[in-house]
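Below: one structure, written as structure tokens.
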Amino acid sequence: MTIFPQPSGGRIAGTRHFFAVRAYYEDTDLSGVVYHANYLRWFERARSDLLRLLGIDQRAAVEAGEGAYAVADLAIRYLRPARLDDDVLIVTECTRMRAASCRMHQRALRLTRAGAEGEVLSEASLRIGFVAPGGQPRRQPSGWRAAFQTFLDPEPSVTASPESSA
Amino acid sequence: MTIFPQPSGGRIAGTRHFFAVRAYYEDTDLSGVVYHANYLRWFERARSDLLRLLGIDQRAAVEAGEGAYAVADLAIRYLRPARLDDDVLIVTECTRMRAASCRMHQRALRLTRAGAEGEVLSEASLRIGFVAPGGQPRRQPSGWRAAFQTFLDPEPSVTASPESSA
Amino acid sequence: MTIFPQPSGGRIAGTRHFFAVRAYYEDTDLSGVVYHANYLRWFERARSDLLRLLGIDQRAAVEAGEGAYAVADLAIRYLRPARLDDDVLIVTECTRMRAASCRMHQRALRLTRAGAEGEVLSEASLRIGFVAPGGQPRRQPSGWRAAFQTFLDPEPSVTASPESSA
Amino acid sequence: MTIFPQPSGGRIAGTRHFFAVRAYYEDTDLSGVVYHANYLRWFERARSDLLRLLGIDQRAAVEAGEGAYAVADLAIRYLRPARLDDDVLIVTECTRMRAASCRMHQRALRLTRAGAEGEVLSEASLRIGFVAPGGQPRRQPSGWRAAFQTFLDPEPSVTASPESSA
């Protein structure tokens, strides 16, 4: 048994994925708050963690020349700023699945000191497409679509809301 | 007279601002193309350059505790990927001015080897709000609004299209 | 009790601080491995976490105009590349404490699938100075130095090596 | 003839390469100055521009699976902070050439309003190795070494110092 800490790992509860990040110096700018583009980095970390939890190996797909997910479009609203040392919860949902893309909704919420959901900092809707190494849209690997399907339609036993499963 | 190169500087032609960036290693990710969040950094560089050309001193405003511009919302479409060593033109327009915010439209186009406009890589619509250091919306400094007004309604002598002014 | 994940938190064991990060798309470049400058971001996250564990509130110090830590010099060797999805352990030690600065040693190691120490990816020696908002060196707040002293000379009860304390 | 601005391009004068960057919001952190890791990004932009001026096509080499340059070690001293809107000159020299690597020296200087050399902000010494896609050291392509040789030993006609050639 090891005593080393492990990287922050997210979890899936029903049709939502939860992931946590902390705001560091690198994330802020001289206005004292998190730089707007860095929320996109946080959202991407959460999506990568979700893929990992679904058993999808992005790195193997890139290395094998199969392709990778790429953001096709994204709309984000910035509601409140995150500040240094804030703990932030990223909530991810998949709202529509197509052959070559899926639409996702992501929110960043401040975690309270007690580790509960606080104010919404930003929320985004985005479409992720699977693309071949040359950049052309490509159908998602069938195994990946099947994995995502379990996230879209979880079995009843795991659909309990996060509150009630605590 | 100096022989040192100067940082890339943009220019205003009529109601459009033109700025150029190049894609470096830092901008790319392992899929071989520019990481999606980095277009937001490029767009922000262009907006900062525009403010500078309009005579607006962002740093003085932050240091004096007056406030800073912050992105309120943003929608971006990714049409084609930028690759290492691509020269990219950022075109910025201001489409609406309010007391505390303005709406802008920005596009990234690949510059051809000849330095002309090439394919559109991405385009974004965003709203920028002026905020006090505490984060509350605040009216833009009147001098800044006046400066922006010259960009929205340039005098006839400078409204020539970039093509005809070459 | 909440079910939300929390951000990765480090821990102190004796005179060493352990922190874990994961390599995401944002960290890589088109050569397929983690971009060299991003190790500095990882090391900074670990130092910020160490300060937090020592009870040092960086954000309050910046907001109160007292000052902030800044890197004065840094030497880093890159031994092996980190790749997407790698879990990486950051080990931080403080090797010398002065009135206005401290010298630290940091290493990045790949975590094995079993969560144990793997190969060393990079190692760095750096000096961190405390600086006033204007940029001048300044003595570290006395409370901060006292906090660091507990890290440099932990009490016998916590000096057990991480291996034996598992 | 185009009227569009072009990205900042560096120039070689004798055994030195000059390149300019500007500090934007993305480069700063909440302490109000440029984040330490971002100097490494600036230095890398300058090295990439140098390679380009020497006729070396990094992207083609990566895409052909030949390899890429990677930083092997780096030591940097931070002397003075850069601030938002500062124009910064990056001066690069190659101090030693080996079969699989070269040692370089890079400095960041503030450009004065008149575009002349100002204070030194940071300076770095680093070794760049050529590595195969799998990560193993590899001899630099012979054409690349020849190109670098022209930078190490420029012909007399171009060895004039930048001052005297102004």
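The first chain written gets the first letter, and so on, giving A, B, C and D; residue counts start at 1 in each chain.
Note that in this section contacts are C-beta pairs under 8 Å (C-beta built on N, C-alpha and C of every residue); 3 or more make two chains touch, one makes a residue touch a chain.
Predicted model only: the values in this text are computed from it and were never measured.
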Farthest chain relative to subunit B (centres taken as mean CA coordinates): C
Distance from the mean Cα position of subunit D to that of subunit A, given in whole angstrom: 35
Chain centre separation (subunit A, subunit C; CA means) in Å: 25
Subunit C-subunit D separation of Cα centroids, rounded to whole Å: 28
Subunit C: positions in contact with at least two other chains: 25-26, 30-33, 37, 41, 44, 59, 62, 84
Chain-level touch network, classified as line, ring, star, complete or other: complete
Of all residues in subunit D, those that touch subunit A in their complex: 25-26, 28-33, 35, 37, 84
Residue ranges of subunit A in contact with subunit B within the complex: 30-33, 36-38, 40-41, 44, 59, 62, 68, 70-78, 80-81, 133, 135
Subunit D contact footprint on subunit B (complex, rising order): 1-11, 13, 18-22, 24-26, 32, 41, 44-45, 48-49, 52, 57-59, 62-63, 83-85, 87-89, 111, 114-117, 162-163, 165-166
